[in-house]
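Consider the two complexes below, in which chain A is the common component and chain B and chain C are the respective partners.
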Partner chain A sequence: MITLPTLVTPELQQRHGSRGRIIALFGGVLLIIAPFLPWAYSARALDDMTFLVDPSPLQYLGLVLGAIIVAFLVLQQVLKPAPRRPRTACVPGARAGATGALIYVVLILVSISVELGGAVNVMYGGWVALVATLLAFVGTRLMPTGRPPTLAAATAPAPLEVLAIAGLMAAALFAAAYALDQDDAGIFVSFLAFVGAVVAVMIRSGVMGWLSAVSQRHKKVLILAAFLVAFMFPFTQDGSDANMSIATQVIIFAATAMGLNIVVGLAGLLDLGYIAFLGAGAFVAAILSESAFSTINWHPPFIVVVLISGTVAAALGLIIGSPTLRVSGDYLAIVTLAFGEIFRISMNNLDGEDGPDLTNGSNGIPAIPELNFFGFDFGIRHELIGVPLGRFSNYYFLLLLVIGLIILVFTRLNNSRIGRGWVAIREDERAAEAMGVNVFGLKLFAFAGGAFLAGVAGSIKAHQDVSVTPDQYVFLESAFLLAAIVLGGMGTVLGVLIGATLLKLMPEKLRFVSEYRLLIFGLVLVLMMRFRPEGLVANQRRQLEFHEEDEELADRISDEIAETGTVKGAT
Partner chain B sequence: MLEVKDLNVTYGRVRAVKGITFTVEQGQVVTLVGTNGAGKTTTLKTISGLLRPESGEIWFEGKRIDSVPAHEVVGRGLAHSPEGRRIFPRLTVEDNLRLGAFARKDKAGVAKDLRRVFDLFEILQERRAQPAGTFSGGEQQMLAIGRAMMSRPKLLMLDEPSMGLSPLMMQRIMSTITELKSEGVTILLVEQNAQAALSLADFGYVLEVGKIVLQDSGKNLLVDEAVRKAYLGED
Partner chain C sequence: MDVLQQLVNGLSLGALYALIAVGYTVVYGIVQLINFAHGEIFMIGGFGALAVWLLFPAGNVSIWMLPLMLFGGVVAAVGVALLTERFAYRPLRNAPRLAPLITAIGVSIFLQELIRLFYGDIPGFPDSKRAIPFPQIEYVTGPAFNMGGLTIQRAALFTLVALAICAGLLYVFVNKTRLGRAMQATSQDPDTARLMGINVDKIIMVAFALGAALAAVAGLAHGLRYTNVDFRMGFLAGLKAFTAAVLGGIGNINGAVLGGLVLGVVEGMATFIPGQFGGSAWKDVWAFALLILVLVFRPQGLLGARVVDRA
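Our next item is the complex of A and B:
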């Protein structure tokens, strides 16, 4: 194990706490001022940081971080600790803000240096910002941490809580639209750092705890709002297909990852060839489509094709699963790995030379026609309430429906008797069997069910991609799907959505790292396994959450004793 | 209630159980005692369907069950608390217990039995939201027994409940078994600790390398000279 040395001891914090506060406050205020100074010598870097008194958007974000730091430091003085009042963790919040701001400013300065060729192109404002964040960083670290936050227990009037969810969602929509709009890698990375900083502040200060408690209380509102935001996204694009094409790719990837999440995250089966099921669905849809290159002269309506695609994928799943799911996990990984390759090579060989002509071999099936639902042509631009929506927007909406369906299936299964059976299998297969869990049956169900969902997603992907070739379905894609799940948090919906989005979006936006992307992903995964093996979003089981609440309860009570000398009765 | 006839079980090439025959009557506590490798655990696993016999018959409540899959055996009223407890360490006590009732669909009955288990083991109620892996061996054993009881079994099979426990904890577990017996639960108990098992059993079978070498009431076996010599450490 690597352990980081403790430079700042609690004693040091006790002695220098007030000094730290002043330093941090000074740093925060300086960071608010710095955006009004010029940061770069040339307008070509990032979003033009050359002006005095006229900050660029990125500079404004720096100001926001400065304001967050100052706000928490002031709050800490203003909020007198009171019994029963939910506690905000001001110092950890300020600390996270300062760390985030430091990373943010460093990234900006590095971007300026890279884009303009050397650190000399950083103007004095940039250095002021760097000094400001350094001061804030050191200052907040010198302050005593204080007690953990209890904000999660706070309640607000229901309309206010709903409003908070709406605000969060609006912010998410805005952030996504802004990030996708940036073609400059420096801006994109810096913005990502800003978002990360804000999220870190919210987690550390306890605001995130409150938000997650609120969203637990208003689960329906949250889900509705999330889908509304996703639904609204194309309307922010003004008919442009550039970002929508990325968004549809992200959503197909996320939908597939969510399907795999049932297999890996819920049932605990390591499937290394999942992409083959997506491919099977895509090939079935392509072959049954009205493409001139389709090899079967039967073209049923698309809804039938979707079902056939899913069924074929599920049947493949049953064929692979029934002999291998009886043996222990490692074998399944090996067999699915091989299956993925067998699928790709078979699709390459079904070209009429080595076998029946089904897939046109490595050429695949091109010119797959656009989908057409009751006269609604997915290939052309439509207008809705005055906003033009391009081809990719059409597919985006359809895919949104599909991912919604998959998430619904996922959560329903997770909370069902089947879900409990999977939990038992994951924990201890033999014991599960002794409890009356049909281990083989439930595993096979997960495996084939996951395959079915991938097949359905594949059938839409075929039309969206226009052509289907074997080399789209290589092992690397399966590995990426798995990485998205591990990175985001196995068995969670939110985590896998975030993981899939990050993994698909990063290479699109960071073209310059595309050659190194495997290296970077590998590195990130290794670091994750060391520092946060549960993924970005941890899968806390309900009962354990109760348990944590109990601890918070115990905390509140001990607070009362400390502050009033007595324990009030249960009022 | 349970009848095992001329049961043979092989592990690979090793014959672990060689033609044993025994019965468990309704309301009885029957124990299988014997040293390591005598075939006790294998016998239990075969009854609960986790292993398949090579030959022989197992009858439960007048029906043959030796080819019924394990997950269906539980539904018929046979619960197996496996060797080494096999609780789910990362799940909470309550989750563990609810998984014990996996084969059942009557929610009200499950809730009732949950209360019954909590009454029997107060410590489990106190720690119902705690991960079971943080428990001591004795507490885990209580959980394992409680979990097996959650399926509301007609016959409860306990495999080495005293394994690895302190003498005090072992006494506690044994008195629990006595309590269950007085409630009318039929129990098939497998133990290495012959003294404890025989003193509370109605009937006992002594196994040696896969064969039953002695059978008598618990009381008689306890005073049997051969048993005392071989299993109770007396000369």
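Our next item is the complex of A and C:
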């Protein structure tokens, strides 16, 4: 965690607390008014903010943030503290809202300036919004925080709780569809900032705690809702393949990252050649497909191909893993890296000139036919309840099943004897061995199992990409997969999904940084390890591993375990 | 005769690996960190040397440029290595093992991109997005020596001589100077070394600087030998050098030198593997296969170091 120097001391907050509230309230109200004023001189910037009394969607989002700030400040006055009533942390909520709103407005103003060439293009409404958020920011900082929220302990009638989950999922679907629709980088970044602000508000005020407690109680509903939302997504696209092609890429990336998450996140083995297993699966599937360029004249049905792909990848995993897993984790990292290179070079060389002809060398295997399940052709457009679904939607549904399967494997393993063995190995290998954990066997299982899942994902990727070439499977891709896990949170499902989505979506939407993509990417890896090694969504046990000296955190988590009996954030 | 020729080629290639491998080994011996970004330090050494040449009036290839270029490369490499140590690795010294490794990957990508994107922006410098031709300094490059059918490239000879000098200096430094002995003590037992009054932080910086200086020599030699430098050249070279360090026994400095030479010779000899799997297309594969074989049969390496068992 980054700790800023404390400019605002508790004494200052005691003295100026009520003044702070007035300033913040004023700022919040001003932020509600500001969207009705014009923010930019030209309609070309962002989503047309030139109107008086007719806010654009982005301006409405600013209004929402203002309303959140005001609502929390009012709530704090209305809700009198009662001993038994669950507490909402109003001031931290308002504070997070004000900070988020400040970032949001600054981003919008910067975008306007960049897109129109200079800050002179920002109209008075924009400056009013900036002043409003600054006031709210300073005001909320001056107020004392009060005690931490206990909202997580609150219970509501079951239907209401289920409704809350459904509402959350619907909001997520809406947000995802909206974000994907934006071609303008400024709008995309601002919207991302808005989502970040809302999430921060929910975490700080305790609402997130309540939601996570609720989703623990209604786990099945949550999982069902999540899949339903993911399943619904193609129906929002109206048969257009543009976003679906991105969505399929995101999901295949996420599925692979989830497989790697078992190896890195659960077992703690750093695999830097994971992409080679994906590539192995893809090449096997391509060679066994009915492509005219396939080099082996045997074309079993796809189900068999999937299993062969997975098995080949797992066999490679065993070959690499069995010598290295005995020695040390560091060696594994480099050997898997070397294996990735061996794979790439071999696939390039098996072209009939430098070796037997298996892969057509650097040309790879093009023209892989579309999948066909019992007459259902993945390549053509189908209609379902009147909604046209294109080629990518078909693959999307199939991949959804695959990622569901991988997540299932992940969570079941995590909560099993095997998963506990992995945790033990990760934390102290020798102690685990002394306790009778089969260290080598479990490591090998994680490694080969992860390779199998990558092989399965690869076999589908081959058909979805239509062609397979060696240069799709280079070290950088492995590094990207690893980054998705590190960024999102090692050993978590939600975190890795978020990390994978961000990493795949950002370059699509932010074309102007594409040149600096890798530079930023390298820097983010370093900074994450320095300041938040547990990732955006922290697995609490993992968090403890990374912050061994933090006694406070340890106490808090052990209290929580005592209350709920489980470690949160594992799933 | 052909075997002898490949032996010479392999030895000079191996000398390059050996120079880089020392950096992996000294750092690993002291902080148990695989400095994945070390290959990039080697690359920066090459680019640093090139920068000095570019700053002088164009086309100067006199032999007097060589020490200046070497100095430039060493300064750049050591500087970058110390900066990464200070800002990326030091804060993570007590973190779980996974953290510094991931940081190292990040540093590696970051440094590559830094050179790719911004090296060409310096006035008078060529675009670094593809390989930049390296100046051909007189005497150390030029027509190859011919000895009874045996061809030795001048740059290859330069690499071998550079390795011999560096290895000699390294031997004296590690065994005869106070700082070198302090380094040995720290690698054996950091806690006791600290109790004996050794400034461990300083020793770690010395280890990084030492490795970077040798890598810079290798960077210069690489430029002379392959007549160009490329922002990507650190990746494969670093991987090979790590293989060399493991081959010799990681943590063992003599082992790194020996391992580098052996690896180079193995790559050279891979040409004689019969059938389609011989030849230069497969030499990298054989080198990495060797790494895996060493881990199976002799994980402590040729000269033996303590077996690395900290997972």
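Of note:
Keep this in mind: the second predicted complex is superposed on the first by the 536 of 571 C-alpha atoms of A that agree within 3 Å, B and C clash if a C-alpha of one lies under 4 Å from a C-alpha of the other, contacts with A are read in each partner's own complex, and residues count from 1 in each chain.
Keep in mind that, in the parts below, contacts are C-beta pairs under 8 Å (C-beta built on N, C-alpha and C of every residue); 3 or more make two chains touch, one makes a residue touch a chain.
Note that the structure is predicted; figures quoted are calculated from it, not measured.
Legend: residue contacts after superposition of the two complexes on their common chain; A:Leu73 is shown touching neither chain B nor chain C.
Of the two partner chains placed by the overlay, neither chain B nor chain C lies in contact with A:Met143. Residue contacts after overlaying the shared chain place A:Ala285 against neither chain B nor chain C.
Shared-chain residue A:Met435: touches chain B; no touch with chain C. In the superposed model, A:Gly421 makes contact with chain B only, not with chain C. On chain A, the surface touched by chain B in one complex and the surface touched by chain C in the other have residues 546 in common. Per the touch definition, chain A reaches chain C in the complex via residues 264, 268, 270, 272, 320, 323-324, 326-331, 333-335, 337-339, 341-342, 345-346, 348-349, 353-356, 425, 429, 475-476, 479, 482, 486, 490, 515-516, 518-519, 521-526, 529-530, 533, 545-546, 548. Here chain C touches chain A in the complex through residues 32, 34, 36, 88, 91-92, 94-103, 105-114, 117, 235-236, 239, 242-243, 246, 276-277, 279, 281-282, 284-285, 288-289, 291-292, 295-296, 299, 307-311, going by the rule given at the top.
Chain A makes touch with chain B in their complex at residues 417, 420-421, 423-424, 427-428, 430-439, 441, 541, 543-544, 546-547, 550.
Every residue of chain B that touches chain A in the complex is listed here, in rising order: 48, 50, 69-75, 80, 82, 86-92, 94-95, 98-100, 102-103, 129-131, 147, 151.
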